[in-house]
Amino acid sequence: MDQTDRPDSQDLIPEDKPASQSGRRTFLQRSSAGLAAALATGAAGTAWAAGPPAAAANSVKLPLIADPRTEQKEETPDANLPPDDRIGYAIVGLGHLALDQILPALSNCKYSRVAALVSGDRNKALKIAHQYGVREADIYDYQSFERLADNSRVQVVYIVLPNGMHKEFTLRAAKIGKHVLCEKPMATSVADCQAMIDACSKNNRKLMVAYRSQYEPMDRMIAKMAKENKLGPLREFIAGNSQNQSGPSQWRLNKALAGGGALPDIGLYALNAARFFSGEEPYEVSASLTQPAADPRFKEVEESVHFIMRFPSGFTATCMASYGCHESRFFRLQGTDGWAEMDPAFGYNGLRMRYGMLVDGKSANTEITIDPNNQFAREIDHMSLCVINDKIPHTPGEEGLQDQRIMEAIYESARTARVVKISKPQASTRGPDPEEETF
Amino acid sequence: MDQTDRPDSQDLIPEDKPASQSGRRTFLQRSSAGLAAALATGAAGTAWAAGPPAAAANSVKLPLIADPRTEQKEETPDANLPPDDRIGYAIVGLGHLALDQILPALSNCKYSRVAALVSGDRNKALKIAHQYGVREADIYDYQSFERLADNSRVQVVYIVLPNGMHKEFTLRAAKIGKHVLCEKPMATSVADCQAMIDACSKNNRKLMVAYRSQYEPMDRMIAKMAKENKLGPLREFIAGNSQNQSGPSQWRLNKALAGGGALPDIGLYALNAARFFSGEEPYEVSASLTQPAADPRFKEVEESVHFIMRFPSGFTATCMASYGCHESRFFRLQGTDGWAEMDPAFGYNGLRMRYGMLVDGKSANTEITIDPNNQFAREIDHMSLCVINDKIPHTPGEEGLQDQRIMEAIYESARTARVVKISKPQASTRGPDPEEETF
Amino acid sequence: MDQTDRPDSQDLIPEDKPASQSGRRTFLQRSSAGLAAALATGAAGTAWAAGPPAAAANSVKLPLIADPRTEQKEETPDANLPPDDRIGYAIVGLGHLALDQILPALSNCKYSRVAALVSGDRNKALKIAHQYGVREADIYDYQSFERLADNSRVQVVYIVLPNGMHKEFTLRAAKIGKHVLCEKPMATSVADCQAMIDACSKNNRKLMVAYRSQYEPMDRMIAKMAKENKLGPLREFIAGNSQNQSGPSQWRLNKALAGGGALPDIGLYALNAARFFSGEEPYEVSASLTQPAADPRFKEVEESVHFIMRFPSGFTATCMASYGCHESRFFRLQGTDGWAEMDPAFGYNGLRMRYGMLVDGKSANTEITIDPNNQFAREIDHMSLCVINDKIPHTPGEEGLQDQRIMEAIYESARTARVVKISKPQASTRGPDPEEETF
Amino acid sequence: MDQTDRPDSQDLIPEDKPASQSGRRTFLQRSSAGLAAALATGAAGTAWAAGPPAAAANSVKLPLIADPRTEQKEETPDANLPPDDRIGYAIVGLGHLALDQILPALSNCKYSRVAALVSGDRNKALKIAHQYGVREADIYDYQSFERLADNSRVQVVYIVLPNGMHKEFTLRAAKIGKHVLCEKPMATSVADCQAMIDACSKNNRKLMVAYRSQYEPMDRMIAKMAKENKLGPLREFIAGNSQNQSGPSQWRLNKALAGGGALPDIGLYALNAARFFSGEEPYEVSASLTQPAADPRFKEVEESVHFIMRFPSGFTATCMASYGCHESRFFRLQGTDGWAEMDPAFGYNGLRMRYGMLVDGKSANTEITIDPNNQFAREIDHMSLCVINDKIPHTPGEEGLQDQRIMEAIYESARTARVVKISKPQASTRGPDPEEETF
């Protein structure tokens, strides 16, 4: 800020501004030099390394303003794809997440747009469609889901249903030739996860699990610090993810629909983050569950889970998740030479990151300010770019399957009061890093 | 978070879920009771007190989930107006602010949409139009501006041009019957501000100055704390707003186009905040300017300004703004019993607020987490609601005029090395508070 | 601050200051009223509820200055006991802790003083004695320890030796009639802890374990918040305590001397805090250890420990401690309605505490500023007051014994890869709360 | 932490510990190498560059423990001077500052001790003397002050009286051959400051003004950052120092005794900091005062002061101080490339510092954790080392005189509503930097 109301010079009416005219010339000369320099050094984070050529050709890039001290704030936005060229999504399930987060996020996307709604409540769907400019013809119900096959405006089905229904709709979507973006947790059993992977593979459709944090820039910066050994060898990860879960009639407290309680819903963030940051897979886990008999919310699922995951290098993750506490979400990733944390972590907004290490022999904590923008938009646009560029998503079905395997080991450990071993996945569970232009 | 992927019960296919069926019934009964209670107590910040009836009727409100501990997080979003019913804006000037902030913000609006572009560079305008789904027919240049008169899709002209051009385009807009939303500072002289007010008044058009911070929720919370005497009588305000201004060919460093340097661009935030929080008008000011001869950026305008504004109650504002420093933006509002601050303040994102007071006799600093959402969207939607509901904007032309009067006194004080008196405006410079539904 | 250089009025020379003379009269009248009011409401945290009468009689209390807004800052210091009346300590072991923390802390004590030194290195002891004004006659070595029996200036022996030597010196001290303040961990086995308790009991001597955090004001405030249900029912505790341990020849890495690695040294803080804040005793624990073969520091003891302790109410503690990470010390105590944390926690200085809860329906984090003063001085003065007033210390031997029992269960769980049960102690392990005058 | 209870190996009884015996040898070898390296690089902040040889010879330095990752925490404390060898202080005036801060701080000093008390209230003095081990013979009253001449245990007189009495007692002290440490502000007029300087000079006595912040390590680190150009050229300083002043009979509200209100007491911190950090002297100032007629506290002195000081380089300080607000103390020093702040600043404890700059092109705020220890002890020990080593204090009388000159210009500006010029001091107002061993 405040590079506010700053039209570039071309917008000024030449006749009125002879003085600024000559000023403009100098400006443009310097600017283009600055732009070239920035591109040469890679300083401009917005260069189109691998983006869609059509979009690149159409993008308007304001010349970088030349003072190097402010240059970083002068980045111009990546070009949006024209609305009609964007990847179209059918949103399946119009609950809170879809209404409060995903539909608004689609307005922030560059490569994605809402193209259809699938809901069991036509009345509600009509109203939502009206608000978001979706045509009545693009509303479906669960029975008529397969009619999406004929809707060429829809390339991706975004499944925002209860966990227990993810498998069914992934299979149905793959069968009618649609790519699938599926909310986390991927499903409620290893078998279902495998079936989902197989169905998309057989139909040659992309399958991505919506691990939002892996697309969030602070999380990504921490992963990068870890990879570049900025924290020294990683030794410990400690995380807590807690909220007061509403209930008791919430589907999240219904075991058949949710697959479990705090673990698959919010504990999964800690579990996945430990794997993401370390790049390792755990070989054993010990865990306990709390399920208070007196609380009507926890008739079927756990209130809280506590687990210790051990990794081959000696790195260990000590995690907790609870449906029974005032909101608290954080993690700290610890290496021999420093730590990085997010607090709040995992949430939709208000995230913060800092790291601690020695600076000139003194204990220093540094907070980096990154505008997180809309995490959902980044995630959805990544899926769209995978479709556009025919790439494997960064968080494909294999990533969700591996987490499901670990969650089943956690439940087994809690049930048997013993450490439980976890076998290694046969291959990496992640696709290539998200394209920078998503960011 | 993580009230994630939670479709409401209606989305579940009844045939498959007999158990959840009965669960759902209980759920809805409890929910509607909860909703009624929330409405009765005014706890739901989203009730449509004064909103457009059509929108209210169409909005989909998910039932509030009943656990009181999480209820506050369960608020459903206010309904968007259907795209075709929204207020249409012509964006005049396609510089950084328009491209980086305003056009993306319009995607987040509920009552507003981009309807036309006005630019001196048709090529650029075409590309932007393409990205945002604006029709080619809705692109104008400065000469053909008056043709907007015939475009019934455009109700408001949003002027995002250099300060020195605000007057001209406000007059031209008013003349063709369009409402005006004008970036701050309003203009470059008191006379121009008055002419703008007069033109809109004569043509019975609304005129709003884009004092974004007055629509930002943390600023508004601080204003409310002050009004409710939570800080005790206000005594002092201290603020700094600094950045490294790019240059030297930037129009902001051109006196004719910008009207001044750091003062009208960024010092204005501090000046306006002191007036907004206190609800008072200053009666005198002393000030100094820095304009280093050796810096090519500051041939025409000041690098920095320092000013002390005194108010009738004894409240005093001590402010600084600089174009020559690493980014630093903050204010602290101090009363006898507490203080409230924002740091960062004034910016587009990453804002934080906290207050300090005694709690149980101990010194306590409290940070409130409010999702700031998109400040520009709030601001623009306020203008749209003023048009829909025929109300005076919260920050009308009179607010901009008064700031201009004070800025001229600041320049006079710096020039004469003396305290300069400021006469009181004849009436309140502000319209009614923004409607809650903007938030 | 800055109630700086403010002598009270009596210090002013009357002849010179007739005006202030009359001012003083008013001042004293108002002050004494203020003082009475403060005492009546208990607002003055410095009232001598149970202190030594001699000290109270001698204390100089400046009259409270009357403006209620600053009164809390006007508290006068509690009176020191005259040096010769203070409880005398023999410091046994002149390592880092004794030299860097304990001896300087004794200068800050009100009721305690250093009276003797016990060291195996007479040369070093002589130099230290010289610096702290200890007489040469008051220097002892380990063989001549029993000669302390004849030194009437020494009432308490403060054992600052390696853990494996705590038992021997506690027994020798009790035998010669001295009270014992013993560093944590209390010893290296349950049997040794019990022997220490028995020896002091038999000789009618007091035994206190130096659980410093239980005397630290922020920890105490959090315990009070928990007790008063400010956080709602407690559900979770999560803590990490990490540092890069020097080595490999450090006695702390020698199993016989230290009893273990990260667990008894730094994991103990987390373990003890979970018990202290909840007021509950755990009934089972699961745990894992990391002991990397390649690191020469960890030939005998663990690098890190991870443990989950479960408590009868459903409260659970998820903890980690590591000797292999950059310094990181924190805990978060979570209830249904709020959380409280310290970060940094456990350390000698720089501690911070904040709590999170809803305020007016908004998420708020509040930091309380409490001057921690010298934690060691508070702790030592508590022991002195227990001696003066013949009271049981707040953290007697039983507190250390219980932690030792739990640590042995943690090691067993790690060894067997199973959950291990812990029986309940027969009685409360803690004495009365520390007297307020320590603070 | 927790390098707790770690006696060095010599403390272990050799007979019992043959293994640790050999371990010790290795340990010492490695340690001395580490120590040498540390000294060579200057990393050890504790090396005795210029300290008293006697003290150095007697100091006990524990060998540095060898792991470089923890080495910085292993610093051993500098040696105290033996109590009888320390510089003796007569404390003149037993008000709040003396009782709450200075007398306790003397217990933390290494080179200083309390040797005498001077008070108008013998009864109070007797009690305080008793608590601090001062002999009855070492108590004086204002009339008998000159008898201190015969007290060879007293080398320095520390004047903690109302500002208006500083001159008289400085002159009396110099006359009887005592060095003077005088609280800030130095006096109440330029003439008095000059008389104090002259008196000490004539009697060849040292005169130091107690500018505590110039001895505080965070302030010093910021001064060093500025000097090393870490923030780029300095451009702006903004500071506020506020508290609710008690009254109305407080001597601080009495113009004759205090010399003024908020300005000399708390505004002086901001004024002095701007000079200290920039190393420049202001050439002009504009200012305003607030003195509300209705507040009985401000019959004689100002409630608040606001001033803008301009420096030759273009650096400007915008400052505010108020006796009428909830406590708020901060400053931010801004350069072209970064800023550094303290918040809280100026106070006795709880200080924090952080700086903001770009790190890898991202906005980063870094907090440095430095244990501030006791600022008063550092300050007093600096005076003692100046006496021991016969050096000019870092903040001699000239420093206080220059601030007094500026304060008089501030009052003149407020009175005349004009900018007031300030002439340059003839020479630097500061002595050499404080010796490192004070820290």
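Note that the chains take the letters A, B, C and D in the order they are written out, and that residue 1 is the start of every chain.
In this text, contacts are C-beta pairs under 8 Å (C-beta built on N, C-alpha and C of every residue); 3 or more make two chains touch, one makes a residue touch a chain.
Treat the numbers as computed from the prediction; the structure is a model and nothing was measured.
In this structure, the chain pairs B-D and B-C differ in their number of contacting C-beta pairs, and the larger number is found at B-D.
Distance from chain B peaks, on a Cα-centroid basis, for C.
At the interface between chain C and chain D, two copies of one sequence, more than half of the residue numbers in use appear on both sides, so the contact is built from largely the same positions.
Centre-to-centre spacing of chain C and chain D amounts to 30 Å, using the average Cα coordinate of each chain.
For this pair, chain B with chain D, the centres built from the Cα atoms lie 45 Å apart. For this pair, chain B with chain C, the centres built from the Cα atoms lie 51 Å apart. With touch defined as above, residues shared between interfaces to two or more other chains in chain A number as follows: 69, 244, 326-327, 336-337, 358, 363, 369.
Listing the residues of chain C that touch chain D in their complex gives 1-14, 17, 19-20, 23-24, 26-27, 30, 58-60, 62, 65-67, 69-71, 74, 76-77, 79-84, 93-101, 104, 107-108, 119-121, 124, 127-128, 130-133, 142-143, 160-163, 165, 183-184, 243-247, 249-252, 254, 257, 265-266, 269, 326-327, 329, 346-350, 369, 371.
Remark: chain B residues 231-232, 235-236, 238, 240, 242, 244, 286-288, 290, 292, 303-304, 306, 308, 310, 314, 316, 318-320, 322, 324-328, 330, 332, 334-339, 356-358, 363, 417-419 touch chain D in the complex.
Partner chain B is touched in their complex by these residues of chain C: 43, 69, 72, 336-337, 358-359, 361-370.
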